[in-house]
Amino acid sequence: MATATLLISCLDRKGLVAKIADWLFSHGGNILHADQHTDAIAGLFLMRVEWELDGFNLTRSEIIPAFAPLAETFDAQWEIHFSDHVRRIAIFVTKQDHCLYDLILRQRSGEIPATIPLVIGNHAELESVAHNFGINYHHLPITPETKEVQEAAQLALLQQYKIDLVVLAKYMQVLSPAFLAKFPQVINIHHSFLPAFPGANPYQRAYKRGVKIIGATAHYVTQDLDEGPIVEQDVIRVSHRDSVADLIRKGKDLERIVLARAVRLHLENRVLVYGSSANSGLNLRTVVFD
Amino acid sequence: MATATLLISCLDRKGLVAKIADWLFSHGGNILHADQHTDAIAGLFLMRVEWELDGFNLTRSEIIPAFAPLAETFDAQWEIHFSDHVRRIAIFVTKQDHCLYDLILRQRSGEIPATIPLVIGNHAELESVAHNFGINYHHLPITPETKEVQEAAQLALLQQYKIDLVVLAKYMQVLSPAFLAKFPQVINIHHSFLPAFPGANPYQRAYKRGVKIIGATAHYVTQDLDEGPIVEQDVIRVSHRDSVADLIRKGKDLERIVLARAVRLHLENRVLVYGSSANSGLNLRTVVFD
Amino acid sequence: MATATLLISCLDRKGLVAKIADWLFSHGGNILHADQHTDAIAGLFLMRVEWELDGFNLTRSEIIPAFAPLAETFDAQWEIHFSDHVRRIAIFVTKQDHCLYDLILRQRSGEIPATIPLVIGNHAELESVAHNFGINYHHLPITPETKEVQEAAQLALLQQYKIDLVVLAKYMQVLSPAFLAKFPQVINIHHSFLPAFPGANPYQRAYKRGVKIIGATAHYVTQDLDEGPIVEQDVIRVSHRDSVADLIRKGKDLERIVLARAVRLHLENRVLVYGSSANSGLNLRTVVFD
Amino acid sequence: MATATLLISCLDRKGLVAKIADWLFSHGGNILHADQHTDAIAGLFLMRVEWELDGFNLTRSEIIPAFAPLAETFDAQWEIHFSDHVRRIAIFVTKQDHCLYDLILRQRSGEIPATIPLVIGNHAELESVAHNFGINYHHLPITPETKEVQEAAQLALLQQYKIDLVVLAKYMQVLSPAFLAKFPQVINIHHSFLPAFPGANPYQRAYKRGVKIIGATAHYVTQDLDEGPIVEQDVIRVSHRDSVADLIRKGKDLERIVLARAVRLHLENRVLVYGSSANSGLNLRTVVFD
């Protein structure tokens, strides 16, 4: 049963829910889920509505032009997604395989509603994993000297494979601002409970600091390293008995789960990014309509 | 800033969100929060909407008669609450004081939006706690022979003090069906992760079974002991090092927090009970719009 | 660096730690980990000691005969394991692949210190998963009529492959008492927070009951279904938004993690089972020296 | 039943467990709990042993001189505590009462094995809380100009009341190095998941950053603000629906629980601080023998 999902944000004012619900009802839309949030500090209205396409009296191609005039009256930012449009993911990896396997197996079991036609690695180690599941693997090694050229090659592959979303699955390279300007839809997994331990070697630093809980953070990638809007986090308890190797092992379970949840939330159009306006004083933040 | 909150449930059909949002907008209502859920198995639509009374062009006394005709067209069950109508809680206790103290202190700090004019105990031990905070305490001891009479006395006190909600804060007595028929708004805290270990001595039984996690459950009280609709649950990890006394100590923190959350959710009109229809096969369940 | 681990339990008395530590020291043993627990209710002393074999002045074959006389003076139950003796696991499956993949990948990454030479399925679906990783797969379908014969075939395979531990990775069959009498080292994953929802369809029943948290339980298999000693449990929060399908999806992550932790704890000789004596009133319970 | 507890740390070498257990056994000591940890990076052996005084053939005053020669042979740092020596806590507060109430009520219920003869506040607000429970309250307001004098007054009170431990229960002042040099046994609660959001206003900053989980941290106070060794941490999930006020409310439950656990662990002599040697590269860390 195909559905459409509207994600919309605009300055808060009276009647927004009524106008959007009216528009849907006037076209025969049966709302399955509606969730709305008002950020009082930012003065923003944010909403997610999902409705059945069956019985709706507009075709897919008519929906967007039909909704645009209404959205314009609110000066809104918005997007509409169709559940039967299957998005295409590229996974970027280095040498660690646990997140790669996890994403592929979840995709195979239907848990991640997308296809994965492409894996790109800056090392060759994981080529066989991709090939075992019939996925193309491109090995693009990166040095400071070759980074610009290789990122261009990556971008070309993303275009060639019609990729909608890049997932950094323990990809041990920083994407350049130029890359992100051209392809901004990137989710990363960071192996700490951000903003604790940003940057390199978070497990080693967690061990040295003697924390009693470690975490993992999935976030959209921005030009500010480890500062992108957070989609999902989770934690696990550790103790003095845990060596750095134990933290790494325990953290791998967190990384898998947190990254998979974030990818799924993104693909189900449950995440809205907002904030960062000069006067709100907010970082870029997410609303997660879960 | 006073608000009104509508809790409504009815058989699912098209246009419900639009009609409710339209009605609010037509009267100048600014929606602060709107949350909606459809239970596909029960075929039910359930919604919570909270809007500002400031700027709304109906007075409190006009709102209910104005909404009733619309609700009738859906054959809905509904209630409307006003945030500045402060509800009145009676706390029932036996000898343990941790939940009693917790609720009183949260009420005093503004965390529980209600007044607590009455504590009823089947023992005398906690009278001084109530009195320290200027709360009336009634000691109504209960034996099998006196239960009927004492429950009648309890009900008279609830009426006299104009009580809206009874909270069983480690009250070691079962309320009779007759009591519940006359006063059904009762929240209880059960010291296990229901449906594990229903009935008496759950910590002892958890210890014997050797579970690695214990829990607590807040639920509305029904005539089926420990089977009422669950409002909130939480858990904590335990190990072989924990004696029964340790489970009790750890559990007390859970009991406090889970009960306080449930009471707050109830008072914020975030809980809708539904289910139990013959053909749905469901227990009485809750939707918690948190 | 190879180590030896002693797991020992006996009636509690003075001097047990001293005598065991003395014996180790007298043979040049360097203790890496020592953990001890006294169950006051059962009157039992339980201990785990791990020491370096490097520098120890007894060979592997001398250790057990050398320790036996000391253990006899306490009337103790005990076992000694060597870290470089790699144990052999057989995984039993039906159709669901998530736990099977998880165990194999953890074994491949070194997280589970064992080999997995054998997978047995009562359906044929997962044969290709085993073969992808070079593991032998035996398809032994089971009906009420063939159960006895097929269990005999399973036992023969366990003997042939020199299996030390059977892991039921979503194996949808109950092992008979006769099987367990011949091969008692079996770990199962149950998809509920036992003792809540024992038996079949726990997710469906959790949904119907409206619980706010679901769980998974790894336990040793005994003749009492879902009553075996619990090795590990974990939970995850759910809400009214989660359908039964969502509970199943969320539960799969729990199942994977809880089962993997239990298998690892068992293989690291961290689990001691005790209890069940007539006068202790305890179930079979575990001490987990983690 | 009174017990003695030895906390000991020294450079790791063979035979430490044996020698300590032998010494206890030779004096008729029945070990109730023994827990040991070796930090391989620091090359340190750390141990906690608790034994019954009943049946031990040394009196309290003989124990320390009798153990000292043995400890000297290892060049160990050590302390011995007696469970029936009830320690004395001073609580430092400002205006927030939740941790103060919590500690007092836990002390009253027997959960915190100590007395609380003294509360010191830099504001007057909480005087009545202390007095309600019969505890002396000293109001010592602090400005930059008066800080030195008032800290001297605090230290004089600690001496007068024979205080063993200071607990900062939302005390909104930084203790000077001079204070800590004279009275180093101080536990603080920080309202973030350190090292995330050290310093002021962590909830506001957590909100701005859009984290999905918040935490609290109890640590020993050192001269490096918010860098002291961590005793306990815990976390709770938050979402975009939580305002800063909600984070503060949810955080208060964490603060209460985490601080109470840390105080209890300290009083049960379960915490050993170590690290910070030049070549280990470690922060000051804790071993928590729980």
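A, B, C and D are the chain letters, set down in written order, and residue numbers restart from 1 in every chain.
In this section, contacts are C-beta pairs under 8 Å (C-beta built on N, C-alpha and C of every residue); 3 or more make two chains touch, one makes a residue touch a chain.
Computed from a prediction, not measured in an experiment: that's the story for all the values here.
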Chain at maximum distance from subunit A, centres defined as averaged CA atoms: D
Interface sides of subunit A and subunit B: same vs different residues, half threshold: same
Inter-chain centre distance, subunit A versus subunit D - centres from mean C-alpha coordinates, in Å: 41
Where subunit A and subunit C are represented by their mean Cα positions, the distance between them in whole Å: 37
Subunit C, residues touching no fewer than two other chains: 37, 241
Subunit A contact footprint on subunit D (complex, rising order): 37, 39-40, 193-197, 208-213, 215, 229-230, 232-235, 239-241, 243, 275, 281-288, 290
Interfacial residue positions of subunit D with respect to subunit B in the complex: 97-98, 101, 105, 109, 111, 132, 241, 249, 252-253, 257, 290
Touch list for subunit A against partner subunit B, complex: 14-19, 21-22, 24-25, 28-38, 55, 237
